[in-house]
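Below you will find the structure I want to go over with you.
Chain IDs A, B, C and D follow the sequence of writing; residue 1 opens each chain.
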Amino acid sequence: MKCLSSGIVVDNREIAESICKAVISVPSIANQCLPGQFVNIYFQDSIRIFPRPFSIAGVDNDSIHLVYKIIGPQTKVMNHWNTGDSIKILGPLGNGFNCTANKSEMILLAGGVGAAPLMFLRDQLFQDGIKPVFFLGARTKSQLPFLSDPRSRLMLSTDDGSIGSKGLITDRLIEYLSKINDPATVFVCGPDPMIKTMKLISFTENISVYVSLEKTMACGLGLCQGCIVKNSSDNTGKHYSLVCKDGPVFNLNDVEFDE
Amino acid sequence: MKCLSSGIVVDNREIAESICKAVISVPSIANQCLPGQFVNIYFQDSIRIFPRPFSIAGVDNDSIHLVYKIIGPQTKVMNHWNTGDSIKILGPLGNGFNCTANKSEMILLAGGVGAAPLMFLRDQLFQDGIKPVFFLGARTKSQLPFLSDPRSRLMLSTDDGSIGSKGLITDRLIEYLSKINDPATVFVCGPDPMIKTMKLISFTENISVYVSLEKTMACGLGLCQGCIVKNSSDNTGKHYSLVCKDGPVFNLNDVEFDE
Amino acid sequence: MSDLSIYLGKDLVLSNPILTASGTFGYGDELSEILDINQFGGIVTKSLSLEPRIGNPSPRIVETASGMINSIGLANIGLEAFLKQKKSFLSALTCKVFVNIAARTEEEYGTVIRKLDNEDWIAGYEINVSCPNVKEGGIAFGTDPIVLNRLTGVLRKTSKRFLIVKLSPNVTDIAAMAKIVQDNGADAVSLINTVYGAAIDIYSRKPKINTVIGGLSGPAIKPIAVANVIKVRDSIKIPIIGIGGISNGEDVIEFMLAGASAVQLGTINFMNPCAVNEILEFLNTYLKQQKLTSVSDLIGRLEK
Amino acid sequence: MSDLSIYLGKDLVLSNPILTASGTFGYGDELSEILDINQFGGIVTKSLSLEPRIGNPSPRIVETASGMINSIGLANIGLEAFLKQKKSFLSALTCKVFVNIAARTEEEYGTVIRKLDNEDWIAGYEINVSCPNVKEGGIAFGTDPIVLNRLTGVLRKTSKRFLIVKLSPNVTDIAAMAKIVQDNGADAVSLINTVYGAAIDIYSRKPKINTVIGGLSGPAIKPIAVANVIKVRDSIKIPIIGIGGISNGEDVIEFMLAGASAVQLGTINFMNPCAVNEILEFLNTYLKQQKLTSVSDLIGRLEK
C-alpha cells in the first residue's frame, strides 16, 4: 500500500565523491518495502515539476536509506537536507526483485550509484542466509559508494585501476561466470552500456538476469504513461511496459532496447 | 554610474517582527549612493523572474544597509542569507531625495518598513547638521523597525496604541503641522493610504512633500516601461513617469493616483 | 461549510468544481490507495479509443521551466478492455465519471459513444478534438472550424448524454471554435488542451520528445489558459471547464472568476498527487473569508 | 575562438547571433553603463510609431510561473523624438541596429519606414505585426493572412532595407504566415512575439493587467517558441530569428539547432541584464567542445 508521508531526515552525509547517503524516518514506507522498490521525493519549488525517484537502499527500524548522486538541481537540494528536516515522500513504488530462494548463485552487479537498490537486496539475502557476490564498478576509487563489504564477496573494478581491477566490471563478471558451472541469478543496476552488455550475455550463459531500470518519470505511479520500455514478452515486440508500475525491476529477457 | 556587482552579506538579522536588516559589503554602490536610491537584488531560481527592488537604508564604509519585510518568496530567501554569502546586486538605481538645504523644517514620515529610505536620509541630514522630526507609524509595537532615535525627534503611533499614540501617524503629523508656522518639507514613504492623505494635505498646508513610490518593477532600469505613475506636471495629466528611472522619489505635486 | 456544488446543466450536479484532467490521472484506480477519489467533483479518464493504442515511442515526457512536454500518443487500453477492466472500479465511485474519447475519424468517435451509451455510470463524454484527423491529412479536428462543426453535430445526434468538447489553444480564434461547439448542441466546453511545445538536447542534437513537437502543460501555461477562458466566456452561454496549470486553490478561483464553472487538475497530479485535499480546504476558507455561501457565486465575476 | 559571425543575407553580417528583443532593452542607452552594448550582434529598438504613444494604464506587468505578462501598449517616444534623442547614441554603435516598427494602419507603417530610410546607421526594420489594425476592427495584422500578405508587399515596395517581419504565435498555422511573408519579399522572419496570457487577483477580483489579456514571455514560453521555429523552418528559405524565453547559452543553441540563424534576448534582460556575457562565453566553449569552427554550422542541425 503506497503512502504519501512526511519523512524526517535522520542523517545525510557524503559517503563518496558526490554520492550521499540519507537516512529518513518514515515508518509507513520502511515497514513494508522490498528491495528494488523506490520512492518519489517531492520538492517545494515548482520550476521543476517532476518528483524525483530514488531506490530504497536499505531499511533499519522505521527508517529507509537513500544513496544518491548529486547531478542536478534536485539532488543538490537533497544534499542540503539537515537532520530534522521534513520531506514529502511517496512509496513504496514499483515492484521489488523477485529473489525467491533458488539454488542458483546470487550475483549483484552495479555501476556507481546503481549500487543503491542492490545494497538493500544484499541485506535481505544476507538475512535469508545467502551470501551473494557483489560486482561493483566505478570510474575511480573515490566514486565507489563502499570499498569493503563483510557480508558479501566483493569484486571491484575501476576505469583507472585506482582500486580493484582496471577495466569494466562486466568483464570481470563474464570471466567469473565462465568459471562457475552452477546456474546463476544476476541482479543488475547501472548505466545503459552495462545493461546492454548483460542483455547480450543473458542469452549465452546459463543465467537469469534481473535489472532495475531508470527512465524519466513524471508521476512514478502509472498515471502519465511517460516511462515506457519496450516489452519483448509478446512476439510483436510492439508493446510497452511502464518502468514505474510494471518495473522498475524486469527480467532482462522481457525488455528490449533500441540499439 | 550603475554597477552590477557581487555583494557580500556582512550581517543579516531580524530587527522587528518580520522585518530584517541586512548589511551588504558592496563598495561600488556604497561609495556613490544617495538617500532615496534603491538597488535590485537578483535571485538564482527562475520561477520568479523579476529582480526585487529595495531602498538603500544606510551606508557605512563599503557597505549598504537594507531593511526589508518578509512578505513573499524572495524576501524569504533573503531572510536565509548568511554572513559571507555572495549576492548579485545592481545599483544605485533611481534618483535620491532632493534635500538641498533650505530653511524649512525637515520632516520624515514613514509607515512600517517604509522607514528604510528615510533612515538613510535621516543619517545624511544629521551629517549636514539638521535634526529632522521622524514620524513613524505601524500596526503594533513589535512591527516598528526602531523604537528610539537619538538623532531625530521621534513621533510614534500604532494602530493598537501599544507604543506612541493610538491611531494613524498621519493624524499626528497633521496636528503637528497645524502648530508650526514655518514652511516644512516632508519626506514620505509608506502605504498607499498614507500617500493619498499626504496628497490631500500637500495642497492645503504650507509644505512641500516628496514621496518615495513603490511599483512592481520588472527591470528597475527603464527598459520595460512597466512601473508607471501618472504624471501631473503637464496639463493633460495623460503622461506617465517611470518610477524606477524618473523616481522613485517624486514631488507629490507631480504625480496623480487613481482612486 | 460553504456550498461547493456546481450545477453544470442537464441535471448534472458536481459535488465540487474539481475534476481530474484526462491523461494525468490514469483511470482513477492508480491513486485510490493514497487518496479518496470521491473527494473530486468528478474524474475524466485517459483518452479512450475504439481499439487499444500502444502510443508513441520513448522519450515521451520532458520537464521544462515550470512545465512539461508530453507526447504519449494517446496510449490506451481500448474500449473493450476499458469496460472489462475499469468498469467495476469506476461504476462504484460516487463522484461523476466522464469518459474522454479520442479518435482518428468521425466514425470512430461515434462508434465509441454508441458502445458506451448504455453504461449508466458514465456522467458524460469529453471529446478530445486535438487528435489528428486521418481523413484530413492529419490536421487536428479541433483546429479546423468546418471539421469541428460537423463532428460536434454528429456526436450530438449520437447521444443525449452530457457532451463536453475539449478545445485546443493552438488556434487563432478559440472563441469562434467554442461558438461552433455550442451551436451544435454541446453541453459544455473544456479548455485548454496542451500548447505546442518542443525541446532539444544540445549535445545529442536530438529532440527531447519522440514526435519533436509535443504538448506543453503545467504552471507555465496557466496564464495562457486563463486568457483563453476569458476569450471564450463572452462568446458562449454553455459552461466552461477550465484547464491548464492549476496547482492550488488560488488557481481554481482565478479560473472561476475568469468564467469557468469547474476546473480540471492535470500536471499537478504528478507534482502533488494529493492537491485536491489542499484545494478543497482553501476553497472553503476563501468562501468563508469572502462571505460567499456558494462557490458558484464566483463564476465569471472578474471585475474588468 | 570560434567564428560567431552570422550572415543573414543581403550583405548583412552580425558579429554574433545574439540580438536584443524589442521592448525589453529600451533604446539601448539605458544599459550602456553596465554593459558594452557592442557585444551584441545587434540590438532591436522598442517598437516605434509615427506619433508618440503614452501606452496603457497601470498595471502593465505581472510575474507568472517562470514568466511574466505585459501590456505596455507600445508606449514610445514617436519617430521625431526618436531621431532627435536616440540617433547619436545608436548611430555610434558598431553592432547592428534594427528599428522595430508598430503601427495602426498600413499607411503608418509605410510613413515611418520612408522617414527612416535615409538613416544609414539603421541595418534593417523589424515589423511588429501583433498590433491591432484599426481598419479591420482591431484584429492584429499578423493573425489575418490576407492583411499580412498585403502589408508585407507594401512595405517591401517602400524600402530596399533588410526587412524582418515578427510573427505572432497566436495563430493556427504560423508556417503559413511565414510563407506569406517570405513570398512577399521579406528578408527574414522573427518569432515569437508574446503569447496571450492573463492573470487575476482573487481578492480584488480585478485583472492583474490593465487590458485583462496581455502578452506572456520568459522561460515559460521557451518550448512554445522552439516548437514554432521548428514548424516554420520547413516552410521557408529565408532566415529565422528565434525569440522566446532564452536565458542562457544552451537555449541559444537549442534555437539554432531548431532552425534559427540568430536569436533575441527579451525577458532575460530583466532577470540578468548581463546575460550576453555568459552566453557568448558558453557559445565559444560549446563550439570548441563540439569541434565546430563556426556557429552557423548549428543552424537547423536538429537530428529528427
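Everything that follows uses one rule, which is that a residue touches a chain if its C-beta (ideal position, glycine included) is under 8 Å from a C-beta of that chain, and two chains touch if they have at least 3 such contacts.
This is a predicted model, so every value here is computed, not measured.
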item	value
Common touching chains of chain D and chain A	B, C
Furthest chain, CA centroid comparison against chain D	A
Between chain C and chain B, distance of the C-alpha-averaged centres to the nearest whole Å	47
Geometric centre distance via CA averages, chain B-chain A, whole Å	56
Chain B and chain D: spacing of chain centres that average the CA atoms, whole Å	36
Two or more partner chains touched - positions in chain D	65-67, 219
Interface hub residues of chain A, defined as touching at least two other chains	46-47
In the complex, chain A residues that touch chain C	1-4, 42, 46-51, 90, 215-216, 218-219, 221-229, 238-240, 245, 258
Of chain D, residues touching chain C in the complex	64-67, 69, 143, 170-172, 195-200, 202, 204-207, 212-213, 216, 219-224, 226-228, 230-231, 245, 250, 253-254, 257-258, 286, 301-304
Partner chain B, residues of chain A touching it in the complex	45-47
Residue ranges of chain C in contact with chain A within the complex	23-26, 30-31, 33-34, 46, 54-55, 57-63, 65-68, 70, 72, 75, 218-219, 247, 267, 269-274
